[in-house]
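After this come two complexes, each holding chain A, first together with chain B and then together with chain C.
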Partner chain A sequence: MTAQMVLAELQEAWANERLAPELLPHKSELVEVMMEQVEQMEANVKQLATTDLRSIVHRQELERIRYLVRSYLRTRLSKIEQHCLHLVRSAGSAGGDLLSPQEAVYLREYTANAVSHLKVLLDNLPRQIANFNVQEMESEPELETHVFVRSKVDVQEALMVGQDDEVNIQEGSQFVLPYSVVQQLVRSSKVILL
Partner chain B sequence: MREMSQFIEEAMSSTYHPVTNNFMMGVRCRQAALERNKRCLLAYQWNRMERLRKMRWEFGSILPPDIKSNLSDAEVGWFNKYSKCLATYMKSIGGQNGLNITQDMKPPKDLYIEVRCLTDYGKLELEDGEVIVLYKNSQHLMPRSHCEHLIRQGILEQVD
Partner chain C sequence: MDPDEIEFLAEQEWVTVVPKFSDPRVVHLICGEVGPFRAGLPLSVPIWVALDLRRRHKCKVIPPDWMDVEILEGLLEAEKNSTYFTKMPSEHYMGIVHLLLGVAAEDIKDANLIRTAVKDLWDLRVAKARTSADNFIRRGGRFAGVNHMTRLEIATLRPLLTDALDTIHFLGSVSAGTLSFLKFLFIKMDICLSVYL
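Right, the complex of A and B next:
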């Protein structure tokens, strides 16, 4: 895989992550590869004179890539924070590759902190209602929200929308659909969100 | 907050005595009201946490004193924990030195931006070893990546 392809894929992952209501499977290997590339390019750029046009263009591009990586990771973190209790619950059952190892550590730590902080507050209340109900505090991602999608491949099976509407997705076609319908396709990055 | 829990306590005690008198409806109403108040309390706290989270990204791990004075002890504790948690995460990603993801909050447009200094900051060493001195009201053309956190701390101001 060339650096160009990694970048393109990362850009796609970033766009999808920003537009999807839920946390998507992590792409930390892409991020790592990209970071290594950035370091290398930085070393290369340093050898050029600062007045060289190429140096300016390259540095500009590096800035963009760095923004992309940071913004991607930031978006994921804010989703993790938002839906921390939901993620803790689902991480045990299904979400194996949803989080990178580092994010999993972050999620655990963050949730423990948040829950204990709220519990301290409840300690001031009389005993009878001071129990902390995790389920009550949980906020789930809104999966029924509509999203714009464009397909990268021909999808074989027809998708069911609501009770009796079917959608056939061809390569390059665009739709507005509830997120839950295309959830699996987004996760396997067969479609991109717009 | 304390007022609220005191209110709840009062309500509790007045609720649980009449139980013997079989005023079930009243008890239920009170119970619902209590649950509601508890939820409000939690939501209030949750939103304050959210605000604090945003501030961590804006100001870094040290809060300005005027904001700090508005926080309870528990909140200060939580903020420090959150800050530590985030720092651990940032250290664990992106190679040896970690990756500071609180940088680059806005998409980059130009490599250099013009900034005006709002306070006497002193010397600042740039990436390429050049040292510049920041005086109050002096203007500089600086690499954007370098002055972003200074802008957010209110030391520099971007000039359009």
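Right, the complex of A and C next:
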């Protein structure tokens, strides 16, 4: 896989992550490969004179890639914070490839800190309102929200929308539909979000 | 995704420029190879590179073929005559026009006419999008085809449409009990208002 392809995939992953209501499976292998490329490129660019045209263009590209990676990781972190209790609960079942190792650590520590902070706060409140179950705070991603998608492939089987509507998705076609209908296709990168 | 982020994607598209300098070395960018530069000889570069070179007065931008008043007016006619969205020459047609005219308007023939033509096309498409969104919501559908709508057009429509659809879905999913409670609440509010007024 060339660096160019990695960049294209990372860009797609970024756009999907920005638009999906839930946390998508992590692509940390793409991030790592890209950051290695960036570091290598940076070392090379340092050899060039700062007035050299190549240096100027390279630096700009590196900034653009860093922006992409930062925005991607930040979007994921904010989703992790928002749905931390939900993610902790589901981490055992489906959470296998959802979080990168670093994100898993972050989730654990963030949740522990948030919960212990809340407990300290509750201890200082009158008995009647201090009786509060943390699990009640759990916020799940809204999977029924509507999203815009474009398919990268012909989807063989018709997808059910609600009880009795069916939708056939061809390659290149675009739809607006509830996220839950295409959830698996987004996770497996068969459709992109627009 | 906001318009800035979509503009970022538009900047990744490639455009032809005519450099005003020569540099035989090829720049091996991660997104592809750029160069060698020979003064007066056109070559293809990412838009973000083109804009930077243009700002330094190191090149002249050649607009894409479709950035032409006649072609754009043709597209406008086709769009008027079609119930559905027609295919645009580029996924980022609006972004590209905005970027190129913003920095290199002097290089482009009829820049002002192009600006107006694209704006007309955009206005027509967005109006079409609003009308179909309205029909779609009235029909009570849960999905719709939106072929050939570009990212920027979708971003314009998104806040309105998804919010409406989500609300309709929420109201459809609440139980009969909750619904009658809501009705009760509205009636109460009505009474309160009429007393107040």
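Throughout what follows, the second predicted complex is superposed on the first by the 186 of 194 C-alpha atoms of A that agree within 3 Å, B and C clash if a C-alpha of one lies under 4 Å from a C-alpha of the other, contacts with A are read in each partner's own complex, and residues count from 1 in each chain.
Assume a residue touches a chain if its C-beta (ideal position, glycine included) is under 8 Å from a C-beta of that chain, and two chains touch if they have at least 3 such contacts.
These numbers were taken from a predicted model, which means no experiment stands behind them.
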item: Side-by-side fit of chain B and chain C on chain A, or clash; value: fit
item: Touching partner for A:Val181 - first (chain B), second (chain C), both, neither; value: second
item: Touched partner set for A:Met160, first chain B, second chain C, both or neither; value: neither
item: Partner chain(s) touched by A:Ala114 [first = chain B, second = chain C, both, neither]; value: first
item: Contacts of A:Leu143 with chain B and chain C, given as first, second, both or neither; value: neither
item: Contacts of A:Arg18 with chain B and chain C, given as first, second, both or neither; value: second
item: Which superposed partner A:Ile56 touches (first chain B, second chain C, both, neither); value: both
item: First, second, both or neither for A:Arg64, with chain B first and chain C second; value: both
item: Which of chain B and chain C A:Met5 touches, first, second, both or neither; value: neither
item: For chain A as apex, the angle formed with chain B and chain C - C-alpha centres, to the nearest 10 degrees; value: 100
item: Closest approach of chain C to chain B (Cα atoms, Å); value: 7
item: Common interface residues of chain A - those touching chain B in one complex and chain C in the other; value: 56, 60, 64, 67, 71
item: Parts of chain A lying in touch with chain C, wherever the complex brings them together; value: 3-4, 7, 11, 15, 18-19, 37-38, 41, 53-54, 56-58, 60-61, 64-65, 67, 71, 142, 144-148, 161-162, 165, 167, 172-178, 181, 194
item: Residues of chain C that touch chain A when the two form their complex; value: 1, 5, 8-9, 12, 23, 25, 27, 29-32, 34, 48-49, 52, 58, 141-149, 151, 154, 158, 161-162, 165-166, 169, 173
item: Chain A residues touching chain B - in the complex, by the definition given at the top; value: 28, 31-32, 35-36, 39, 50, 56, 59-60, 63-64, 66-67, 69-71, 73-74, 77, 81, 102-103, 105-106, 109-110, 113-114, 117-118, 120-122, 124-126, 128-129, 136-137
item: Contact footprint of chain A on chain B as seen in their complex; value: 1-2, 5, 8-9, 12, 16, 34-35, 38-39, 41-42, 45-46, 49, 53, 74-75, 77-78, 81-82, 85-86, 88-89, 92-95, 99-101, 103-104, 107-108, 111, 128, 144-145
